[in-house]
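Right, one structure below, let's go through it.
Chain IDs A, B and C follow the sequence of writing; residue 1 opens each chain.
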Amino acid sequence: MREYFSNIWTSLATIAIGMKVTFKHMFVPAVTIQYPDVRPELPERERNRLYVNMDDCIGCDQCSRACPVSCIEIETVKGLPTDDIGKTSNGKKKALWVTKFNIDFAKCCYCQLCVFPCPTECIYMTDVYEFSEFERKSLVYDFVTLTPEEREQKKLNYQKYEAEKAAEKAAVKKPVTPPVTEVKPKIENPPSTETQGENKVS
Amino acid sequence: MMYDFFLDLFGNEILAAIVTGVTPLLFILLFVLFAVWLERKVSAHMQDRLGPMRTGWHGWLQTIADLLKLIQKEDISASANDKPLFNLAPILVFAGSYAAFAAIPFSSYFIGSNLDLGIFFIIGISGLVVAGILMAGWASNNKYSLLGAMRAAAQIISYEIPTILVVLTVVMITRTLNLHTLSEMQTGYIWNWMIFGGPGTGLEKFLLIPLMFIGFLVIYTSTLAEVNRTPFDIPEAESELVSGYHTEYSGMKFAMFFLAEYANMYAVSAIVSALFLGGYQSPIGYLGNLIGVSWLVPIEQFFWFTAKGAFFVFVQMWLRWTLPRLRVDQLMALCWKYLIPIAFVNLIIVGLITVL
Amino acid sequence: MSFETNKSIEYKPVVKTEHMVLNMGPQHPSTHGVLRLELELEGEIITRVIPHIGYLHRCFEKHAEAMTYPQVVPYTDRMDYLASMGNEFGYAVAVERLLGIQVPERVEYIRVIMAELQRIASHLVALGTYGADIGAMTPFLFCFRDREMILSLFEMTCGARLLYNYIWVGGLSHDLHPDFVRKTRDFCTYFKPKIKELNDLLTYNKIFIERTANVGVLPLDTAINFGISGPMLRGSGLKWDLRKDDPYSVYHKFDFNIPVGEGKVGTVGDCWDRYWVRVLEMEESLKIIEQALDQLPEGDVTSAIPKRIKPPIGQVYARVENPRGELGYFIMSDGNVNPFRVKVRAPSFVNLGVMDVLCRGHMVADIIAILGSVDIVLGEVDR
């Protein structure tokens, strides 16, 4: 009998305590961030869409090899001795034409493993997180700055060069003028460049 | 009452009858629009969220948007359904709760039908809901729906008993089943309400107060169970039965269930307030009487009645967002071991007091 | 073999009846992912439960064989996705033992802080979803609100919210953010009253106690026979915690208790006890975090990371106390850059095995309570 009434009492009491808690929370300011109107401030180490600064990329393929899901595809062509491919920002001379640098963001798991081994720190994570697409293949980003024709050109050039070398024809002709046309990569809003540079394990 | 009023106004019996019938429906629709929004907001703020914010001011148009969505939705019915029953069930469920509104006195004029057996009629007609729910569960041809429907039927029928016992307690004191008369008896000020012992005087009233409080708690709990709200939302326990008897419904048929649920919430709140909290009576007297404008009084009464109903609906929501849910056997134990004995003892004591 | 079943309700069929087979999941709101339970019912009483798993199988173990050692780390994240830090921690400990390297003190301290924060976050999900399973939605959202703060701490440290790839073999990917220590202390002071609030709202609620006390009682010997670990084992009353009983990293330096189930409101080893152990463990984790923050040494977190991980031929088994129990990594090396074999002892998987014993004789609604208290993560069950 005592248990019977204590049951009633504890039920009513605990329900009242619970109701007090929820009632108090009616007047606590909400934690909701009204996303499209208000944007959360992202920490500086945010890991979202990758960006590759092709001016600095030497085409060493280290990032592609570090990637656990193989979503970076890089193809390079050796530059001719006469080509001026340019220099990286830390002064290394580039020796390869990067004719293909695709990152498939549908596969990418944003693990950042590709960022650390890069010798020139040219691949990094940005804070762009809104890049949904209707088709999967539009998530394959092409970072190469050369136009498709130029890429073909470079490959042909190198093949020709090889062939010529193989035939051991000493006559060198037709110096190829490097193209100067700037082709913008697919990224519309160039992301902020200050990323987690200071945390790099080189 | 309302029918006479409209008859005077239109001079046509059929038109008056139709308008009398449609007015509660209009009220239900408006109330549901408000209640669904309120439920969202209440739950959101209790959980430190904001709830709908993007449709109108603080999302007040959200329910309308939802309604539009539900109307547009395809009316899916699986091939193994029992089609006639499947289509009939939502209508029956809604009809049950709609019919209950016929006898609810919103104010001394706004009452669909001033039945002498008002409260009896309401309790009887809500039985239709059980039939509808069972139909829905059976016709869906889905094990979860069937389980949900069986639970709902068992639950609603069991919890009618404590409800009726408490209603009887009140009726014993007031000696009327007519909700209108019942409300009229509680006129005056707040201490004339049944929860404070009713219109009686002296020692009898004094003795009745704790008993009425107990009765009030019992009837509130059991009506909560009758409308399947947490902690008694076992028939549609989403974590167990997906969503119980209306799992298979979509579009407007689902909306009918939804409408019926919220209409029921208001109906039981209205009954509780009519029985215990003076119905449409104001706790502090009427402005209309004070300044001598007699047509203001029914409007004030309507306001008070709606406010009391809305308050209890709010408490229902509050409970829902606070409490976990009981298990089926515990639900039955609560009814048979706690509510019914308490209500019974209460009934007997009140009976003795009124006789002596 | 005879395992005790919880026959809380005896039934003797008089008429020959057929059992109803009810399929719960893989699409069901409270199977915590894609678990499918085949239930045999006698009315609402359960006579048998057969869990069907594999809907989330992602070949972790086979994948690992094709990856280099550092590349496996992001994959370990995805096993118990509510406790990624713990998974990485275990993997790092295992490979470091295989390599025989020592990591700097600071790294160990940060790892412990992260693992304990992760334990709180994971338990918050467990407790919150448990409340939601039983029907109380509000504690669920409160728990997620607080978990969000922990996730922000992680995000600040390594840039990711769920799948961190933070604890590496031999070190960490980043050092702590300069604000981290202060914010974590803030969190600790913020969070303590929230535990009390959770207790008020849910733990001591009579309805909640009714739903969980004496339900799904797991006797200690059954628990040991089934190889149960983590809060489930402690809920059954055994003081067994790898952080104390097989200390790894720097756990021996901290002072904390191991809460065990005592049957405060029911029988020892019931759902409420398992729940209660988790609540207490959050408090203990807070203690560890505060101590670790106080003692946090200075140092470099990346200095010990090997340039090229190529362990000698051999094998190792390392285990850590994850929020869900003993997470063990068995790694076999053939002297290559890829592991020859990686086998994971996943606590959720082992704990799930006892479902049938726990559920027999209970009602359908209890399945939800029991499954919630077992606290599985399907990503880890299926791997």
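Remarks
The definition used in the following text is that contacts are C-beta pairs under 8 Å (C-beta built on N, C-alpha and C of every residue); 3 or more make two chains touch, one makes a residue touch a chain.
Here the structure is a predicted model, which is why all the values come from computation and not from measurement.
Across the assembly, the mean Cα position most removed from that of subunit C is the one of B.
Closest to the middle of the protein, by Cα centroid, lies chain C. When the C-beta contacts at A-B and at A-C are tallied, the pair with the greater total is A-C.
Note on chain placement: the centre of subunit B and the centre of subunit C lie 44 Å apart, centres being C-alpha means.
Mean C-alpha positions place subunit A and subunit B at a centre distance of 58 Å. Averaging C-alpha coordinates per chain places the centre of subunit A 32 Å away from that of subunit C. Taken residue by residue, subunit B touches two or more other chains at 46-49, 321-323, whereas all remaining positions touch fewer. Counting partners per residue, subunit C has 138, 145, 201-202, 205, 207 as the residues that reach two or more other chains. Touching of two or more other chains is recorded for residues 7, 15, 18, 21-22, 25, 31 of subunit A.
On the side of subunit A, the complex with subunit B involves touching residues 7-8, 15, 18-19, 21-23, 25-32, 34.
Per the touch definition, subunit C reaches subunit B in the complex via residues 20, 22, 28-30, 44, 131-138, 141-142, 145, 201-202, 205, 207-208, 210-211, 363-368. Of all residues in subunit A, only 7, 10-11, 14-15, 17-18, 20-22, 25, 31, 42-43, 45-47, 66-68, 109-113, 116, 125, 196, 199, 201 touch subunit C in the complex they form. Of all residues in subunit B, only 42, 44-50, 53, 318-319, 321-323, 338 touch subunit A in the complex they form. Interface of subunit C with subunit A (complex): residues 67, 70-75, 77, 138, 145, 148, 152, 155-160, 163, 165, 173-175, 177, 197, 200-202, 204-207, 302, 305.
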